[in-house]
Amino acid sequence: MRKSEILVEAIEYIRKFSGDAFVIKFGGETLLDKDVVDSVAKDLILLNALGIRTVVVHGGGVEISEAMEKFGKKPAFVKGLRVTDRETMDIVEMVLSGKVNQQLVGVIHKHGGEVIGLSGKSGCLFEAVKQKKKKVDLGQVGEIRNVNPKIVKTQLDSGYIPIISPIGLTREGDTLNINADTAAAELAASLKAKKLIILTNVEGVLDKKRKLVHRLTVTEANRLIRDDVIVGGMIPKIKACTHALKNGVERTHIIKASKHAILEEILTVTGTGTMITRHKVKGG
Amino acid sequence: MRKSEILVEAIEYIRKFSGDAFVIKFGGETLLDKDVVDSVAKDLILLNALGIRTVVVHGGGVEISEAMEKFGKKPAFVKGLRVTDRETMDIVEMVLSGKVNQQLVGVIHKHGGEVIGLSGKSGCLFEAVKQKKKKVDLGQVGEIRNVNPKIVKTQLDSGYIPIISPIGLTREGDTLNINADTAAAELAASLKAKKLIILTNVEGVLDKKRKLVHRLTVTEANRLIRDDVIVGGMIPKIKACTHALKNGVERTHIIKASKHAILEEILTVTGTGTMITRHKVKGG
Amino acid sequence: MRKSEILVEAIEYIRKFSGDAFVIKFGGETLLDKDVVDSVAKDLILLNALGIRTVVVHGGGVEISEAMEKFGKKPAFVKGLRVTDRETMDIVEMVLSGKVNQQLVGVIHKHGGEVIGLSGKSGCLFEAVKQKKKKVDLGQVGEIRNVNPKIVKTQLDSGYIPIISPIGLTREGDTLNINADTAAAELAASLKAKKLIILTNVEGVLDKKRKLVHRLTVTEANRLIRDDVIVGGMIPKIKACTHALKNGVERTHIIKASKHAILEEILTVTGTGTMITRHKVKGG
Amino acid sequence: MRKSEILVEAIEYIRKFSGDAFVIKFGGETLLDKDVVDSVAKDLILLNALGIRTVVVHGGGVEISEAMEKFGKKPAFVKGLRVTDRETMDIVEMVLSGKVNQQLVGVIHKHGGEVIGLSGKSGCLFEAVKQKKKKVDLGQVGEIRNVNPKIVKTQLDSGYIPIISPIGLTREGDTLNINADTAAAELAASLKAKKLIILTNVEGVLDKKRKLVHRLTVTEANRLIRDDVIVGGMIPKIKACTHALKNGVERTHIIKASKHAILEEILTVTGTGTMITRHKVKGG
Amino acid sequence: MRKSEILVEAIEYIRKFSGDAFVIKFGGETLLDKDVVDSVAKDLILLNALGIRTVVVHGGGVEISEAMEKFGKKPAFVKGLRVTDRETMDIVEMVLSGKVNQQLVGVIHKHGGEVIGLSGKSGCLFEAVKQKKKKVDLGQVGEIRNVNPKIVKTQLDSGYIPIISPIGLTREGDTLNINADTAAAELAASLKAKKLIILTNVEGVLDKKRKLVHRLTVTEANRLIRDDVIVGGMIPKIKACTHALKNGVERTHIIKASKHAILEEILTVTGTGTMITRHKVKGG
Amino acid sequence: MRKSEILVEAIEYIRKFSGDAFVIKFGGETLLDKDVVDSVAKDLILLNALGIRTVVVHGGGVEISEAMEKFGKKPAFVKGLRVTDRETMDIVEMVLSGKVNQQLVGVIHKHGGEVIGLSGKSGCLFEAVKQKKKKVDLGQVGEIRNVNPKIVKTQLDSGYIPIISPIGLTREGDTLNINADTAAAELAASLKAKKLIILTNVEGVLDKKRKLVHRLTVTEANRLIRDDVIVGGMIPKIKACTHALKNGVERTHIIKASKHAILEEILTVTGTGTMITRHKVKGG
């Protein structure tokens, strides 16, 4: 492929997406790889320079568990959700809003980006309610009842890249732990984002033969779950994408957080991971 | 004093200060008293409703020391400054940006305020350099080299009450611990704030006879320091006020963080604590 | 009551009313008391400083009768309405627009307010028609057919306190005498004012036992009229309030024009006179 | 002259003056002639429609003297200035602001203009001081110390034709009688008006042979005064023009207030009266 | 008629039309008369100065035929439409957009106007389709399918007088010859112009007795066509007017392109040619 | 080079140039190659989509000579300048403004661009004077005295790509033939364009060994002219670049008008032709 063809292709996408909002979920072990974090930071800054309004929602499960152990507490999970008593909630919040979030702010600043770190509590971004009690009480685990995106729009209008920790706030001022995939999907819907991009440590969705699938519709994705081809941690990511698509987001992507993966996924026809849409799309 | 006289007096002040920025330093043990925190939150919301642009810079020394001990680290100080190795810095940041800051956000939200929690790293608000090495290496302790107030103005223009943790960022993206009194003074100067208000757990500055002094000039304050009337923790507060006054802030106040103390200090002639100005002022 | 409680209460009202328009009817003998006029002027300026858009409609019956006598004419009334032949109309207009209005302008200017005196003819503010002829021809007495509030809004938007004389203009350019209470009520409705405040020389509405009633609904007020508890000059004031309430004004007040009475009525829960509303209201 | 030539000539003037302010002095006996007042009103409305910002300052000496006699007071003058004790001042103000001003408002409204009547006290338009005492105390006679044109600009920006009575206000709120020619000249200077037009009951300035002079420079006018060709009531008009020209007004006119005289004076090369300028002008 | 009456009449029209758009068709032999072109140019500039947004659509048939003969091609017509093979189309475009249009630009510039020459292709102003093939293939002759007036509005908003050649563009980028009368009518409709003015070399529409008719309704005009009173080249002009009137243009005029004819037609009651409207109109 | 590296490089340039104006000279034989014209059109549209404000100045010498011969006139040149009698000027203008310009408009429209064709006479863009008479009278050949860029800025602000023919206008409305390279350079300077790009039919500037030179300073270019390495038609292009650089244009380029050459020259470090700058530049 000639350079100029790559340029022409990329400019078509830039023209298409300029002014749009993209929500990027950045979590899991990839957060621990300094090179990956540097590369993601650079891509965000470049997209921002093109007029694409990028917003990051991050996770931080590994760091939380580490910190709990330092505090002498043993992490526990029920169906993938962390049991979060009040003391754990304090640790979760300190790690997410006080450590992971702040590290991302530092890295993006170092590479020249204008960046703001926000908790989902600020401006009551993630208004939440406690999850209904089940057999095991999960404690301070919440579900988003309402997203107030004004605070994020304010930052985007002023040119900042917002980095958001998935913490929710109840009407009474109580603090709740929110799943980061869900938070990203809800925020994307509320911002009327064009894309939700979930960064992971695998290439994307694989088919029965373990080959990367570049494009999926919601229906196809559901079939792959039913057929046990998509399993484990990939399922909640697919659910988050499906939720976003149902609520107005145009395209969702699950891609590996490797060097400039975001740029290539967005600005080339072939992309690098899996794009999930409501219906089959033509072109890029 | 008749009700209407109180009203007339208060309106004169409201007229005078509407549209101005006030920086409020909130720290120390007072942060631990739930009633005081509730009262300060309400006052901030009321001032905000009057068109006064309130910004909070908070401390959190007590909570930091507590957390360090949980992590099995022993707090150490040299001339009032915390020895801050890299591991301590992580704890400082988690506690300030991830705990104290977030608690204030929650309380102000609960009382109906639009609030945003920010680290001094966001938007590179507090651009800092490491303190020069002295006998004892203090580690990640920094001094502010430059304040970039744009991020705070953005929030004020959008109606939010910004709550700021005193964390600094170097050009290289390194994180530093900043003294909260100094951070508040520098921010006030950079915002061209009309007032810097330092909340403490004493009534204000006391004279030789341990009587509260309502008004002080910089010269008088310096004399009281020279004469060992002002001592201990009050000295850095006086220094912060002096620095702010030299850099354009009109009036500085040191008052006890008790119920509605901020309102009374600002909206009545007599006030509740000590007001320090460059020169003697007439009227309120 | 502590100072700070008064302040908190007042700020709640300021927050509630900032940006709203209030129409104040100022007439009768109270206009002749220099101290009262000074106090009203100061209150208007203070309310204006709080962002409350105050408009005054004044009367002037006493001064008109005085001037008529100087001109050798004998004042005559039919059911409270002045018989106004053309010569009397000239005197009415000279006294209202050329004397009472101008005196109020002078006093408010003296106390530091930005003030503009307007006749109801300017900008055809009060478009009027002649009252239908009854047994006795009242002459140049009119009823408002249409209020053109643009001219008042222009002044409010530019920061002026408008002082308005209750003179009406027909399509043909004829000048008519308008009842000041009615003019104030119509103007309040047309401006979508939050409050109509009628200043009088009594405390407010009194009940059977001659005790001041702080709050009344329209229904209750009508019953008091039916029961002959409200009588005489108070009846047209109640009618003006009722008319304003029916046409969108939220609250109406009848209070004694004493020192800072307006401020206390507006900024405290208890108030000083009688507040009349469509329905019972909770709180202040 | 062909129609189209008249049109071309007029459009050149319209193009030249659109957006400019003109101050028109309207006084003396001409105010009493209904047809003249109607014609002036129509011309003002037409000029306004062309984007010319017209402002009227009116006199009213005849009506004042009439009213004084009704009140049993005898008018007295010293060198053309009315002796104005406090009682007289009340009459002057009632007649100017409450009668003459209001009549002009009514007439302009009748012909379809948007009009506002203002006293020179409103917005402290004419800030004045008492004339120094001379042999005979003239009482409430003032000189303009400062013009605050904001209130007039506000009305012009909103499309109103302001009609202004020449009443001044001292800092202490005292009311003073101001000469109308002077008030018009000062207002024209303060508004940076392009033209000051003084309407009279004569054709304009006449030369030795009693022939109308169409154009005069300030120097020529002064010579005609020195040579006793210009005498009597024309002198203060010339002085007012000279003062306006010295303070930035481009052209001044003295014309007879006859049918459409203003239009013809402004929109044709020949004009109808006398134009006075600093220097000789070419063209129209 | 007195000067001032002419002025009053003209100002009424200026007031009525200021801010409106007028489309002027300028074509035929009149384009060859230097004096007429100068006069039209001056009228356009004067109307523009009055805030009337003038747009010119020009023809150029005589010049096209001349140029064709120089190129050795013989002009041919079918029912008044030029047979336009591709080579002829090139000549048509060169003459219209490269000669006639540019000459008008030059003349208007010389008289001081801000002018822009545009082809109907720019901004795809005249989106066209080829005329359906009839017996004789007319070649590159087109009909307007859609007008995109944005490009004309942009120039009007910036103060330019747009001069437009009647060339159309197909979706595929093919160039077509468009009838100038039709183009002017379509543009007038699309701009919601108040007037369409067609300049010709006759006085206007004549009745049976060869007398000029000043006013016509569409119905009357159609009857005159049916009765063979209106014949020849006047018919397409009447059709263009009728089309414009049906599509929202208020008044259409057919006048002789003589000295200041446009000004007189627009700014006087009597006018100089024929005004055609949907219904009878009163007044001017 | 990996795709993502190309993207990163390109985005850096996009970020750098977004909002800037580029002037592109497009002339000579390249205008006759349909594929090249298509490719240039696409590049302009893509650059425009990136927020780069592109303006084209075109030539057309080949087409002019062809048309002259059809008209039976023999082209003649003196030192590369066309002898332009009045008849030739008419042909020049018809070909440039009526043919070449319109073809470019058609092609850019076909590819989806919003485009406007302008003569340098419109808005008096190129205000010119006749060249001083030399031995041979060149006739209507002009030099630019003043560029009025307002008309071009208006189009850029409205999103159009302006295509400009190099025709000048004298104060008297006379039309002159302007050299296209010079016109492009003068326009670039007047627009404070970041780049002037001259498209030719050779790769760029070649050194002694006939190898393409990627970067040149003005000094180096002048030396190559002195040493007869740069000769013939390349010299005026170098002069145009030098003139632009002296008058504020940052970078000038001479490149071959081949497929996507503009994109590659602008968005990659290596580029495709020769970049000439005042001083040596680092990076791209």
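First chain written, first letter: the chains are A, B, C, D, E and F, and each begins at residue 1.
The rule is short, and it goes like this: a contact is a pair of C-beta atoms (placed from the backbone, for glycine too) under 8 Å apart; a residue touches a chain by one contact, two chains touch by 3 or more.
Keep in mind that this is a model prediction, so the values were computed, not measured.
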item: Chain F and chain B - chains in contact with each; value: A
item: Chain pair with more C-beta contacts, D-E versus C-D; value: C-D
item: Interchain centroid distance [CA atoms averaged], chain B/chain E, Å; value: 73
item: Cα-centroid distance, chain D relative to chain F, in whole angstrom; value: 61
item: Geometric centre distance via CA averages, chain B-chain A, whole Å; value: 35
item: Set of chain F residues in contact with two or more other chains; value: none
item: Residues of chain B that touch chain C when the two form their complex; value: 1, 3-8, 10-12, 14-15, 18, 42, 46, 49-51, 259-260, 263-264, 267-268
item: Of all residues in chain B, those that touch chain A in their complex; value: 67, 70-72, 90, 93-99, 101-102, 105-107, 109-110, 114-119, 121-124, 150-151, 154-155, 158, 160, 167, 169, 172-175
